[in-house]
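Each of the next two complexes has chain A plus one other chain: chain B in the first, chain C in the second.
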Partner chain A sequence: MHGIITIIRKEMEDHFSSTRFLLISALIVMVGVIITSMVGMAIQEELKGMAKPTLVFLLLFTATGKLFSFVQFIGFFGPLIGIFLGFDSINRERVSRTLTKLLSQPIYRDSVINGKFFSGVIVIAIVLVAIVLLISGLGIRLIGVVPGVEEVWRLIIYILISLLYISFWLGIAILFSVIFRSTATSALASLALWIFFSFFVGLGAGVLADALAPISQSQTYVDPGIIIKHEKIQRIVSLFSPMTLYSEATNTLLDPMRKTTRGLILMGPLERLSISRFQNPLPLEESILIVIPHLLSIVAITFLCFGICYLIFMRQEIRTI
Partner chain B sequence: MENRIVIEAEELTKKYGVQIAVNQLNLKVKEGEVFGFLGPNGAGKTTTLLMFLGLTEPTSGRIKILGFDPTREPFRIKEKVGFLPENVGFYEDMDARQNLRYIARLNRIPDRVSERRIEEWLELVGLSKEGGKKVGTYSKGMRQRLGIAEVMIKEPKIIFLDEPTIGLDPDGTNWMLDLIHSLSREKKITTFLSSHLLDQVQRICDRVGIMIKGNLVASGPIEELAKKKLGVDAKDYTLEEIYMTYFKEA
Partner chain C sequence: MNHLLWRKKFFILLVLLSLLSWFAPVPLIAQEERKDLRPERGISVYTEYSGITIPKGETVKMDLTLENKGKTDETIDVKISEVPKGWKATLKGGSYLVTGMFVSNGKSRSLALTLEPDKTVGPGTYVFHFDARTEDGKFTSSHKLAVTVKERDPGMDDIQLVTSYPVLRGQTDARFEFSVEVVNKIEVDRTFNLTAIGPEKWEINFKPSYETKQISSLRIRGGQSQTVAVEVTPPRDAQAGEYPILVRVSSGEKKAEAKLTVILTGIYKIDAGTPTGVLSLEAFPGKPANFSIFVKNTGSAVNRNITFSSFKPENWEVTFKPEKIDALEPNALKQVEVTVKPAPQALVGDYSVGVLVNGEKSDKTIEMRVTVKASTAWGWIGVGIILFVIAGLSALFIWLGRR
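Right after this comes the complex of A and B.
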């Protein structure tokens, strides 16, 4: 236990003093501030002279403004934080020949990998809390609405999900840093995976759906069964991407008006009825219930990824280190 | 009083696939001894060291370091044994004190004790002026000195030094050899050093072991080996001559 705390402390010092961390947090703060001011001013403009609708505060995070919403930004860009914090965590120690020395100290071998992982998680948590607080503060000034208890809870849960999601990428990055000798290779491998999940899974889902359930453009009548099949395939494939999991989960959670993670086509008749008839926000518990499968999947892949990383590291021969 | 045996290996074997790195090694080192572990590159010296520290598991055989088995209780051994790997690495962005402090903390040495020890050892290895500089700016000689300080910070009973003088200038080499010598004499620290620089080993080692292609072909005090290999009346022998006769045989 003692060893792991020492390692976490040292790793956190490293993170906070690195230029890399400074750059990425500056970028996040900058983008966060820009998005919030744009969205905040738009909300201010549109709500002038109107009664404030319920849960308007959360719009700061989910409204897209001119570019993209903050939630979308973290969904797309958040993995980079994880990758930047982890891609060279083990192989840097190999390159600088400190790993053998570190392991010849009276610490358990898993303290090294756990320490690296948890220090990253703590740093991510600090960044997330800071940026959400920053946006909230700016938002309160801009739109003049103080968040209610429920909104605060939703934001807290949002931070937790984001933490898990970015930790997944941290796990991936550490895994590659265990597997690959060179820090450049592990960085590129993590980035490749990030690009694959953010662009190609979506594209691949479309292609696969087109192949399995083709919707021809020339025909005027398309069998609704085919359309549904097409949608289903596309959705199942895209769920393989952690990005999809994350964005569906957070969007549902931060937008209480969303009552399902499914698209309009796949909704059952009663679901559609409920959406058109009952335009009240969902209570928090219901929102959570809807996204629980997504959450469990994110937790599962995070643990799986870290577990593999852990196993490989524990079994590696020191000589090859 | 007979000194107790602190390093003991019995039929120690390590295979990497079909390749045998260490073959049925039998070895005993007594407390306070300076043992020179000789052999060409790739003879299995480093592998043996790693097995002694519990960093690599032996394929078969038995090891006892200070009475503990490194595969079962690596923790107990790492608390009492210092290891200076060949071309030791440091955290380049941290200064010497920070590097030492990190290692001290990993060894659960309370900060107020370690602060004193850090200053003492920086003084001893002649780095107290440079202690605040980032290790990235250090020369090879300074790094090796810092390495010694880092090994000694936990006040070990045994130190394993892997090629401690390689790449050092003559001055640095002499300093290093004198330091090892005085550590073993004054502080009774058992020293196990691997090297292929024979004249240096001859200067400071009580006993040597010669390792060739994974086999320990000879071990004992240098005079004894000289008598055995070069004849009884050999006087001006060098370790190199002894070594070469073994090397030719193997």
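Right after this comes the complex of A and C.
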């Protein structure tokens, strides 16, 4: 235990003193502030004359101002924080021959990998909490709405999910740094995976859905069954991407009016009439229950990723290098 | 000088003109006198009819005519010289009682004669004499009018009431409107009084058809008819049953009656609700949820064949147990179990589900707020997966740790 804490402290010292970390956090803070001020002003404009707006505060995080919302931004570029924090964590030590020196100290081998991972998680948590607090403060100043208890809870859960999601990417980066000897290779591999999940899974899902359930553009009438099937295939395929998991979960969680994670719903006229009779936000526990499969998937892949990383590192021959 | 000459000329012109006018009409007057064969003077008095028969108690109205047959204009005095006992005879011209009038030569003028019997006048023949004479008394004329009074024939009434629908049926809180046609069978304009006798506390009004004002009498021209609406409003606490209403139309001594009937069926009214008053329900997608409603007959009639239906989203199931109530006595209460089963794909959130209780001539809708909650089944599966992953990770730590 003592070894882990030492490693964590040393790792964090490294992170906070590195220019790389400074740059990336400065970028994220800047973008976050820009987005929030943009969204905040739009909300301010929109809420003029409204008697009692409900759940406005969360709009700061979910509303797409002129470009994209904060949640979308973290979903897309958040993985980069994880990757940058972890892509050279093991192989840099290896290249600079400090790993053997480290292990000759009275430190267990699992302490090294655990310490490196947890220090990364802590740094991510600090960055996230800082950004969310920054946006909240700025938002309160801009729109003059104080968040309610439920909104605060939703934000806390959002931070936890984001932490897990970015930690997953951290785990991926550490895994590649364990596998590949060269830091450049591991960085490129992590980035390639990020690009794959960000762009190609979504693209591939569309292509596959078009192939299996084609919606012809020429016909004026389209069978709703086909559309649903198309949507279903696209959704199932894109759910393989952690990014989709994360964005669906957080969008539903931060928007209490959203009643499902699905994008397209087949709804009859009577059902629409019936559900529009009572327009009220979902309670927090209902929102959580809706996204619980997503949450559990994110937790599971994060743990799994770290487990594999741990397994490979522990089985690796180190001293011979 | 000149002035004087002018005057002279003017005078001559005037004389000439007056002479011309004097001679011109003379030949015309001579021609007329040749044709006129009338006596110098002569008058006569007569009534429209010289003998009539009337039912008992009826007033006679006719014209008395004074005629100047001669060539001279006359002022004629007229009087009713003989009036039988019990009768009141008046001669009127305009609004005055007349004793004499001027009649120019060759013309005749009429006066309105009214003969009014009082109640003592029985059947029989009554003779009236009318005398007329010129102002100087040289010429006279008399006329005789015989009025035969007959006992009233009961079958031959001269007021008639016609109703197309004498019996109306409806709920207690309804308003009944009968249409009664009043026929004035004689050729005299009359005013009719309208009265009605109904059960106590019932409200009965007469109205002209298609108008809202309430009337108690109406005037009908001779030989014409008019439709009157009889509006009947029963009191709210009236029992179901048959109620007769007597409508009487009278004019003087004469009257006619019509019997109308209202059949009350009681009030059809049902009430429904949940026993606790709670109108919300929680359900899970694809899982049935129960609640019970009560159906109460708050009317005063037996409500038969009460069925249930629902307003719900597609693919939802709403079932009732029992499916219908055959008969519900007034003030009776019955409980019905309702099962709501949301569609398996139902979204989480609040839905409005309407439960309709359709009774006889009455219905009631209960709107339920059905909150569909997220199914927790996935949660437990997920927790299992997480526990499995954590167990695997722990096993890994134990197996590979501390090297």
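Keep this in mind: the second predicted complex is superposed on the first by the 303 of 321 C-alpha atoms of A that agree within 3 Å, B and C clash if a C-alpha of one lies under 4 Å from a C-alpha of the other, contacts with A are read in each partner's own complex, and residues count from 1 in each chain.
In this section, contacts are C-beta pairs under 8 Å (C-beta built on N, C-alpha and C of every residue); 3 or more make two chains touch, one makes a residue touch a chain.
In this text, all values refer to a predicted model and were calculated from it rather than measured experimentally.
**Student:** Touching A:L289 in the superposition: chain B (first), chain C (second), both, neither?
**Tutor:** Touch partner of A:L289: chain C, not chain B.
**Student:** So, A:M314: does it touch chain B (first), chain C (second), both, or neither?
**Tutor:** It touches chain C, and chain B stays clear.
**Student:** Thinking of the overlay built on chain A, is A:Y108 touched by chain B (first), by chain C (second), by both, or by neither?
**Tutor:** A:Y108 contacts both chain B and chain C.
**Student:** Who does A:T98 touch here: chain B (first), chain C (second), both, or neither?
**Tutor:** The answer is first: A:T98 touches chain B but not chain C.
**Student:** Give one of first, second, both or neither to describe whether A:A300 is in contact with chain B, with chain C, with both, or with none.
**Tutor:** A:A300 sits against chain C, while chain B stays out of touch.
**Student:** Is the number of chain A residues in contact higher for chain B or for chain C?
**Tutor:** C
**Student:** Looking at the overlay, does A:S17 come into contact with chain B only (first), chain C only (second), both, or neither?
**Tutor:** first
**Student:** Kindly list the residues of chain A that each of chain B and chain C touches, one partner per complex.
**Tutor:** On chain A, the residues that contact chain B in one structure and chain C in the other are 108.
**Student:** Can you tell me which positions in chain B touch chain A when the two form their complex?
**Tutor:** My answer: residues 16, 46-47, 50, 53, 55-56, 75, 78-79, 81, 83, 85, 87-93, 102-103, 105-108, 150.
**Student:** Where on chain C does chain A make contact in their complex?
**Tutor:** On the chain C side, the touching residues are 311-316, 347-353, 367, 369, 373-376, 378-379, 382-383, 385-386, 389-390, 392-393, 396-397, 400-403.
**Student:** In their complex, what parts of chain A are in touch with chain C?
**Tutor:** The touching residues are 108-110, 259-260, 265, 268, 270-271, 273-275, 277-278, 280, 282, 286, 289-290, 292-293, 295-296, 299-300, 303-304, 306-307, 310-311, 314-315.
**Student:** Can you list the chain A residues touching chain B in their complex?
**Tutor:** The touching residues are 2-3, 6-7, 10, 14, 17, 93, 96-98, 100-108, 317-319.
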